[in-house]
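Next come two complexes built around subunit A: one with subunit B, the other with subunit C.
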Partner chain A sequence: MAEVTLHGVSKAYGGTQVIHDVSLEVAQGEFVVFVGPSGCGKSTLLRMIAGLEEVTGGDVLIGGQRVNDTAARDRGVAMVFQNYALYPHMSVRDNMAFGLRNMGTARADIDRRIAKAAGILQLEPYLDRKPRAMSGGQRQRVAIGRAIVREPEVFLFDEPLSNLDAALRVQMRTEIAKLHHALGATMIYVTHDQTEAMTMADRIVVLRAGRIEQVGAPLELYERPANLFVAGFLGSPKMNFLRGRVAVAQGSDIGIDLAGGVRLPARVRPGSVRQGDEVTLGLRPENLGVAPDGELRGHVDVVEQLGSVQLVYATVPDGTTVVAELRDRRAPAVGSEVPLVIGPGIRHVFDADGAAVTLPEGDLP
Partner chain B sequence: MTAAARPATRSPRGRSRSRGWLTALLFLAPFLAVYLVLLVYPLFLGIWISFRDWDLMAGDYGPVGLLNYQDLWTDPVFWRSTRNTLYFALLTVPSMTIIAMLLALAVQGPGRIRAICRSVFFLSSVFSVTVVTLVWQMVLAPDRGLIAPIVQFLGFTPVNYLGSTTWAMPAIVVTTLWWGVGLPMALFLAALGSIPKELYEAAELDHASRWSVFWRITLPSIRHTVILVIVLQIVAQFQIFGQPFLMTQGGPANSTRSLVQYIYETSFRDWLVGYGAAMAMVLFGMMLVFSMLQLWLGRQGDDR
Partner chain C sequence: MNATRSGWALWGDRLLLAITVLVAILWFLPVLWVVTMSLKPNSELMRSTWGFIPYPFTLQNYADLVRLATVPRWLTNSLIVAVGMTILVLVVSSLAGYAFARLQFPFKRTIFVLMIAGLMIPEQAVFLPLHQMFADWGIHNTHAALMLPRVAVPIGVFLMMQFFRAVPRELEEAAELDHASRFTIFWKIMLPLSVPALTTLGLFTFIHAWNDFLWPLVSATNANMYTVTVGLASIQGNFAQTQGLGSIMASAVFASLPIVLLFLIFQRFIVAGVAMSAGK
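Right, the complex of A and B next:
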């Protein structure tokens, strides 16, 4: 186990900068998830920690040691690849033993570690199989097993579940989380799936275009997104954004005028916006409902029935589509005009540059 | 999908099947015609001729049973040519495979210099056998050749390689390697390129040495290409003809006369087509056996 520290890390391919000055501390035993859309540099960043990509600026530290110029093999990291990267000509046992044999681990020790990993991952019946005779989920288990037996300082996962089907993904998600609890090892996990990030992480690192947008615990990011990007990226269905203008601003209390002549109160950091400023109001779908006294008028386009909840997609006067998550079973008819009511939850406010100006505390229920 | 499949299942089973066959045959017809006329027919014609006393000028004297094959048994030149052909194949096939693989390993990957090297190494395959043998005759010439000064510099007397019973065959082997290494190299390059790079990254994290990476990852991954190259080389090198025919005319003292050259001379210089055909059948049999053996060896361990 070791902590991982990034100090102003950057990466350029030729003249193209793909990672910009990233600084981050991952504590010992922490489960950190890098999340972001494809091309945001999350995999590159992980591969730089692994030593599979050269660091062109800044420092990478593992366990307090600067490892910029240390070969990948000597960094004490184990990596689980998206396409498993199992050695196709070796049995499951040999796949797991390969690294240990190369390091000169004693035979009895190798056998003990493989037996232990196989036990954790329920791989005992498959130890003598070749990878091609196994399903995707089993292969992914082997890939994880290969990492476990190494007993590394840091586990690195590069989108390990994206080749699995939805049901298996959910199952493996729980298993990896369990594994983290059992091993207590430092783990860095890359995914483009915000659900994986929300469910597994101790802390989430949201990346966009090679920059860190925000770092924090899942709920912290969900409830206090620092900007429009993070607000829109985390949460499913995504947050509703309504454009408006500040009509009145008194201290932390403001009134926002939306299209259709609706004025909504919200609370912001004092002085962060002025009267007349363009702002974006962010409302989570669960903070939007249908009720007779609703302030907003919406034209219902689609109703999605999910069983426990239903999602109502409606067009509001300024033309944007909003999603409301309803818990009761009485769905409004498609094509009807309904009043939309804003719940007691947080009304996120973003200034013209997209930065959150929502009052940090107070608005929480 | 089911909707699209329905009309087919509704029509009588037998009729739809025969229609399918007809369509398949129609598409195969152009290839089949060429294949039957230019490959299958000559093969069986060759077998048939090998059992007859057929003089190219005087015509067919009728069947002679196994007489042509009996004559082979006591023909010293046939045995000499067979031995030469086997010796040539033994020298060429393994070295060609290994050199092609080493070259491919050296020039694979990114980089301008590697790209240039790939083209250069492949380029020699473009030349015709006449050009290649001419070039190498000049290279090997004992007086003004390319090698002579090097040999002299090292303190030895230059040898007339193509005039030596010991060195003529190795010289032809070297010429053949230089000429033919391009295609197997290209095959190896394609195979190497298809190995996922994550395997190498995983091996790096697994502390694998370069040696261990080659033996445990690269070689198993390109095994099928290795087999393919060896079989192609066996088929190609057993038919060695142009290089010795142009460089040594089979000499000195029959030391480079190949089976194909002897078949050619028997059939088209001495006009004994029946006898030549019998030899061709023996060559065909040898190539078949060696190729099948190689394929069979290659399949071992595939299903485990």
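Right, the complex of A and C next:
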């Protein structure tokens, strides 16, 4: 176990900068998830920690040691790849033993470690199989097993569940979370799937275009997104955004005029917006309902029945499509006009630059 | 509509099959003719060479051939040269192919272009200087002289390079994290993975080496150093008039037997290899 520190890390390919001055501390035993859309630099950052990509600027520290110039194999990290990267010509046992043999580990020790890892991952019946004779989930377990036997300081996961089907993804997600609990190891996990990030992470690092947008615990990011990007990226279905203008601003209390002559109250950091400013109101789908006294009128386009909840997609007067997550089973009819009511949850407010100005205790009284 | 279309497709398939069978027969007839003539007595062949049935039948032509004291020697030479050349080509091609596919080194592009340019030079164009060079080294009439000019094969390097490029980079990265050195990665990961490509390249090299005629003809002047192709050609030149067609045909069949066997055993790899070199 070791902590990982990034100090102003940057990466450029030729003249193209892909990682911009990233600084981050990952504590010992922490499970940190890098999340962001394709091309945001999350995998590059992980590979820089692994030593598979050179660091153009700044420092990478593992266990307090600067490792910029240390070879990947000497960094004490193990990595699980998206496409498993198992050696196809070797059995599961040999796949796991390969690294240990290269390190000159005693045979008895290799056998002991493989037995232990196989036990944790339920791989005992498959030790003599070749990867091609295994399912995707089993292969990914072997890849994790190969990392475990190395007993590394830090585990790195590069979108390890992307190639699995939805059901298996959920199962493996739980298994990796359990594994983290059992090993207590430092783990850094890259994904583009915000659900994986929300469910597994101690802390989430949201990246966009090579920059960190926000770092924090999953719920903290969900409830207090720092900007429109984070607010829109985390949460499924994503947050609804309604454009409006500040009509009244008194201290932390403001009134936002939306299209259709609706004025909604919200609370912001005092002085963060002024009367007449354009703002964006963010409402989570679970904070939007259908009720006779609803302030917003919506035209129902689609209703998705998910069993426990139903998602109602409706177009509001300014033409924006919003989604409401309803718990009761009486769905409004498609094509009908419904009054949408805003629940007691947080009304997120973002200024013209997209930065959140919501008051930390932003719930309406 | 669909039924009509599938009817046309069916007739198209049949036509294709008929053409294929016809071409196969056209290709096979001369081979059959050669084999038939090799199994007929020379007296019969003097009368007529027609017919695809070896009647009257004899193995005398083969018996005469095997009785020649130098034939086992030539076979051994061919075997040493073909096996040696195959091993050397595989070693050079896989190492060079890997280097071009995955290593970064100065002048890589220039060296690659030079290597590919080698494909465009007909071997006859360098025969004289090559012959002179080997004469200066005093190594004509050795196995080394028969093998060495054929060891660096651009197409082999190119084939292996293409293969190594197709191996996912993550495999090497995983091995790198698994404390493997560059050579360990090559030896324990990349080479075992490239067995199909190596088999194909090895087979083609072996066949080429076994059939090679021109260079052994000019390099090996001592009859003891002849390969089987050169040796059998020399018999034809010397004995054709006296021994007749039967011997010539028997020697042709004899020389091609190992290749035919090789093809029968490894045809899966050969076909895959042709597809690989065509598809990439």
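To be clear about the criterion, the second predicted complex is superposed on the first by the 362 of 365 C-alpha atoms of A that agree within 3 Å, B and C clash if a C-alpha of one lies under 4 Å from a C-alpha of the other, contacts with A are read in each partner's own complex, and residues count from 1 in each chain.
What we mean here is this: a contact is a pair of C-beta atoms (placed from the backbone, for glycine too) under 8 Å apart; a residue touches a chain by one contact, two chains touch by 3 or more.
From a predicted model like this one, the values you see are computed outputs, not experimental measurements.
Participant: Quick check on the superposition: with subunit A as the shared anchor, is it clash or fit for subunit B versus subunit C?
Facilitator: clash
Participant: According to the stated criteria, A:102 is in contact with first (subunit B), second (subunit C), both, or neither; which is it?
Facilitator: Both subunit B and subunit C are touched by A:102.
Participant: For A:83, select first, second, both or neither according to whether it touches subunit B, subunit C, the two together, or no partner.
Facilitator: both
Participant: Kindly classify A:73 by the partners it touches after superposition: subunit B alone (first), subunit C alone (second), both, or neither?
Facilitator: It touches subunit B and subunit C both.
Participant: What is the contact status of A:50 with respect to subunit B (first) and subunit C (second): first, second, both, or neither?
Facilitator: In the superposition, A:50 touches subunit B and subunit C alike.
Participant: After the superposition on A, what does A:130 contact: first (subunit B), second (subunit C), both or neither?
Facilitator: first
Participant: After the superposition on A, what does A:120 contact: first (subunit B), second (subunit C), both or neither?
Facilitator: In the superposed model, A:120 contacts neither subunit B nor subunit C.
Participant: Could you pull out which residues of subunit A sit against subunit B in one structure and against subunit C in the other?
Facilitator: Residues 50, 52, 71-73, 77-79, 81-83, 85-89, 98-99, 102-103, 146, 150 of subunit A touch both subunit B and subunit C.
Participant: Help me check something: in the complex, which residues belonging to subunit B touch subunit A?
Facilitator: 196, 198-199, 201-209, 212, 216-217, 220-221, 304
Participant: Taking the touch rule as given, give the residues of subunit A at its contact with subunit C in the complex, in rising order.
Facilitator: 50-52, 71-73, 77-79, 81-83, 85-89, 98-99, 102-103, 146, 150
Participant: Under the touch definition given earlier, write down the residues of subunit A that touch subunit B in their complex.
Facilitator: 50, 52, 71-73, 77-79, 81-83, 85-90, 98-99, 102-103, 130, 146, 150
Participant: In the complex of these two chains, what residues of subunit C are touching subunit A?
Facilitator: Spelled out, the residues of subunit C in touch with subunit A are 168, 170-171, 173-180, 184, 188-189, 192-193.
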